[in-house]
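Below are structures written as structure tokens.
Two complexes are shown next, each including subunit A; its partner changes from subunit B in the first to subunit C in the second.
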Partner chain A sequence: MFDVIVKNGLVVDGSGAPGFKGDVAIKDGRIAAVGKVTGEARTVVDATGRVVAPGFIDPHTHFDVQLLWDGAAKPALEHGVTCVVPGNCSLSLAPLKIADRARLIGMFQQIEEMPPEAFTEAFEWTWEDFAGYRAAIEKDLSINVAPLVGHSVIRLWVMGPASQERAATPDEIKAMQDLLRECLEAGAVGLSTSFVDVDENGRPVPSRFAQFEELDALSAVLGEFGRMLQIVPEFYATDITIARIDQLAELSLKHNIPTTFSPVFDNAGTPNSVPRQIARVEEQFARGARVWPQMQTRPADISFSLLRPSLFFGRLPRWMRVLRQPLEQRLAGLRDPAIVEKMIADTGPDEGEKLLGRLVLRGGDAAPPELAGMTLSEIAKARGETPARALISLSLEHGLDVAFVSANAGHEKTERVGPMLAHPLVHIGASDGGAHLASFATYGDTGYLFSEFVRKGHLTLEQAVAKITGETADIWGLKDRGRLQPGKAADIVVFDAERIDRAEELPIFDMPGDGMRYTRAARGIDTVLVNGEVAYTAGSYTMARAGVVCV
Partner chain B sequence: MAALTRQRRFVTPGPDETVEELARRAVPDAPLEAAVDQIKSWNLHVFAMRRPPGLLLGSDVVFVEPPITNA
Partner chain C sequence: MDEAVIVGAQVVAGHDGSAELLVTLRHANGVEAPVQLDEATGLKLMAACGASHVDELSGQSWRRIVE
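Here is the complex of A and B:
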């Protein structure tokens, strides 16, 4: 007697091999048989007309904090994602001393656009070490988690405030190695670091103060375990990114570790950038290094209102300064002519025509509906203002609750991105799931892979499934995951190949603190099993809590 | 081991290294003032875009030559 049989589906097993009609049987959380299965099961999932694939793996997320109150990382699981990798970009919730919590929250707020209340209102913060964090999330998981540990927090633990001031001493590097080893033994899948990020005060994060020798020493510890090194390079500059690829290759070869860098954006302004990066990666792989460029599927769309700070204002420091204030002070700032003039000056001599004019009003609770779909340039002309002034005045008239979208700001040309995603050395990921809550929905990139790139012929169904299952598991060393093979963990998604997609991006109010995030529901996903238990089916989450920390 | 195509050369700053010390190390044949100017002009990500400009970090990629033409 099996526990579950998923019957009569098109089995696409995650290896890239052609799909075949068949069944998948599950016993004790593991795949027991694949093919024509005879025998009975307590639960039968009818997959007639559907694809049966391994659960998708999302290798670049920031679900670290959300997992403490939402063990499904919603809506990731309903999109077919059965394993997420949090802890990217040098930031994780452990190891962290109590005294350093505010500092880390500030970094998450600045870098990942997560409200501080998400860290203070929704859970009891009981741990300092990595094992404690693992225990805290494991209490209620319905999705699997392969957590990275952040270089910045390791540095912060060992060096305190000096982690953002200077190079480490040999003794401090030794202490960091010991701490990293402890984290890896406690279940960390690897180490993440960042070369670009700053904290809420504009100060580079701790990882950026590390000499290469420090990263080399930490990579030596990763080598003891064969675990991953993830980095965020200076993605805006191709030459620097290529230098980072070379550094990663050196570490990969020396310590026999996999490495990955993200994001990798295709941008119309620098059309040779991604091809040059991939060419360098090909050269480094030919030498035996493992340096995986991690590329997202979705175009870069950024939404914002003046209700919250947004990465859209990253290059407008005076705007960011005002928007970081509590609401009353923010309103006062936006009404202060002297401050407004400085903000306007930030937007250039045309007062935002080039920078802001193409923004489209997307709506908001208080947005005038007749303006929805108009560009800020059009709105400004109608009001007799410049775009920068119209953005402020219109927002003030409506309680700041007027949302704009900067659409297709990069990575939007399917005919260019498709072949890149299909490249055998390009690793699909970089969703940023769980972060940038009020800027864009970081969910549904897997559905978009099928709707935009498979159904338009850039990848086969089997290629696409392998890219986000078997290949991802191989890259990350997740030996139990990613393929429908007897003995593997029974992480399975059943979906309609003609319908799978991401739904429209919508604001919802389910987060702690100010509560809002953009999200996308799933389309075409029938059933998701995690470690053999049905975690999502027929549009609803179940009570199953079979997720684990998996390395 | 397969050969690599030539890419733009770079160094990383040593602990507490100043731009002058780095320039002297990276461009030893040029007069110091010219070397510093060259380093600054080749590394706008450090010397123009960063706040405060010129804050050298141990992890920085600092190019020691201009972009390679036709790269």
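Here is the complex of A and C:
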């Protein structure tokens, strides 16, 4: 008697091999058989007309805090993600001394944009060491977690406030090595570091004060375990990023470790950037190094409101001049009919229909909730105004706290990004799930991979599944995950290949303290199993809590 | 003294969902290279250059970035 049989689906096993009609049987949380399965099971999942694939692995998230009150990392699980990697970009919630909590909260808030209540009311902070954090999240997981430990917190533990002031001494580096070793023994999947991030006061995070000798010493410890080094390079300058690729390659070769970097964006303004990065990665792989560029699937958007100056208006000088004034003068300018008429005229004879009409009102702020998701063109028509005038008048009516998004403003050309994602050395990830909560939704990138790149022919179904399952597991050394093979953990997603997608971005207020975040629901996902238990089905989460720290 | 000069600028989408400024610099040796500034830095550069339109940055000294 099996526990579960997923029957009659198109089995796409995560290896990249062609899919085949068949069944997947599960016993004791593991895959017991794949193919034509005979026998009975306590639960049968009918997958007729559906794809049966390994659960997706999201290798770049910031769910560190959310996992303490939401063991499903919603909505990640409903998108078919059965394993998340938190702790990226040098920041994790352990190891951390009690005295350093406030300092770290500031850094996390900068990245995640979570309300303060998330740290003060939503969970009981019981741990200092990494094992303690692991125990705290493991109590209630319905998704698997492979947590990174952050370089900044390791530095903070050893050096205190000096971690944001200076290079480490040899003794401090030795202490960091010992601490990292302890974290890896407690289940960390690797170390993350950043050359870019800042805290809430705009100061560089601790990892940015490290000299190369420190990173080299920590990589030596990663080498003892064969674990991952994740970095955020200076992605705003291609040549510096390429220098970091070379540096990662040296560390990879010297210590025999995998490394990965993100973000990797394709932008019209720098069309040679990603091709140059990939070319350098190819050279370094040819030398035997492992330096995985991690690329997101979703396009980048530009958000703005009139509450703050924005470069969005960088080609509209009059708007720029009005909006970069202090608030009182800005409001006065926007209420001055003579100035407003000129601003509107600057947007063209159609008064902004072409230039601004496709902007989408985001919601979650002072704007009327019913307008969320509508285009400015639609809003303008309903108000009997033109788009430029509606942008100004609606903003004035709500204290300027009305955000708009210009969607698909970068990394948006499918015909360019598709072949990049399909490249054998490009690692699909970088979702940032659980971060940037008040700026944009970081969920549903896996659905978008299928809707935009598989259904439009840039990757095969099998290739796309392998990229975010078997290949990701291989890259990260998650030996038990990523493939539908007997003996592997039974992390499985059942989905409709023709419907899988991300839904529209919407604001919801489900963060502690009624905090807002932008999110996207899933489309086309039928059932998700984690370690053999049904964790999500027919549009609802179940009570299953079978998730583990899976390192 | 030779110094880098801005020879082009455009607004692009940034990693954090904001608009950023992609500036192309021509260095003293003739090499041109892009650098992407976050929104706050880009706005500061425009103000320092007295520019209200990104095209007005062309020809300005890169030294303005620290002013």
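Here, the second predicted complex is superposed on the first by the 451 of 551 C-alpha atoms of A that agree within 3 Å, B and C clash if a C-alpha of one lies under 4 Å from a C-alpha of the other, contacts with A are read in each partner's own complex, and residues count from 1 in each chain.
Quick note on the criterion: a residue touches a chain if its C-beta (ideal position, glycine included) is under 8 Å from a C-beta of that chain, and two chains touch if they have at least 3 such contacts.
Small disclaimer: the values here were computed from a predicted structure and weren't measured.
In the superposition on chain A, A:Asp239 makes contact with both subunit B and subunit C.
In the superposition on chain A, contact of A:Glu341 is made with neither subunit B nor subunit C. In the superposition on chain A, A:Ala210 makes contact with subunit B only, not with subunit C.
In the overlay built on the shared chain, the residue A:Asp510 is in contact with neither subunit B nor subunit C. Of the two partner chains, subunit C is the only one touched by A:Arg324; subunit B is not. Contact with neither subunit B nor subunit C is seen for A:Asp365 once the two complexes are overlaid on the shared chain.
In the superposition on chain A, contact of A:Arg276 is made with subunit B only, not with subunit C. In the superposed model, A:Glu185 lies in contact with neither subunit B nor subunit C.
On subunit A, the patch touched by subunit B and the patch touched by subunit C overlap at residues 237, 239, 317.
Residue ranges on subunit B touching subunit A, taken from their complex, read 1-2, 4-5, 7-8, 10, 12, 14-16, 45, 51, 55, 57-59, 61, 63, 67, 71. Chain contact summary for the complex, subunit C toward subunit A: residues 9-22, 33-39, 42-43, 46-47, 52-56. Remark: subunit A residues 235-239, 263, 265, 267-270, 273, 299-304, 309-312, 314-318, 320-321, 324, 405, 409-411, 436, 439-440 touch subunit C in the complex. Put simply, subunit A touches subunit B in their complex at residues 166-167, 195, 202, 204, 207-212, 214-215, 234, 237, 239-240, 242-244, 246, 276, 279-280, 283-284, 286-288, 317.
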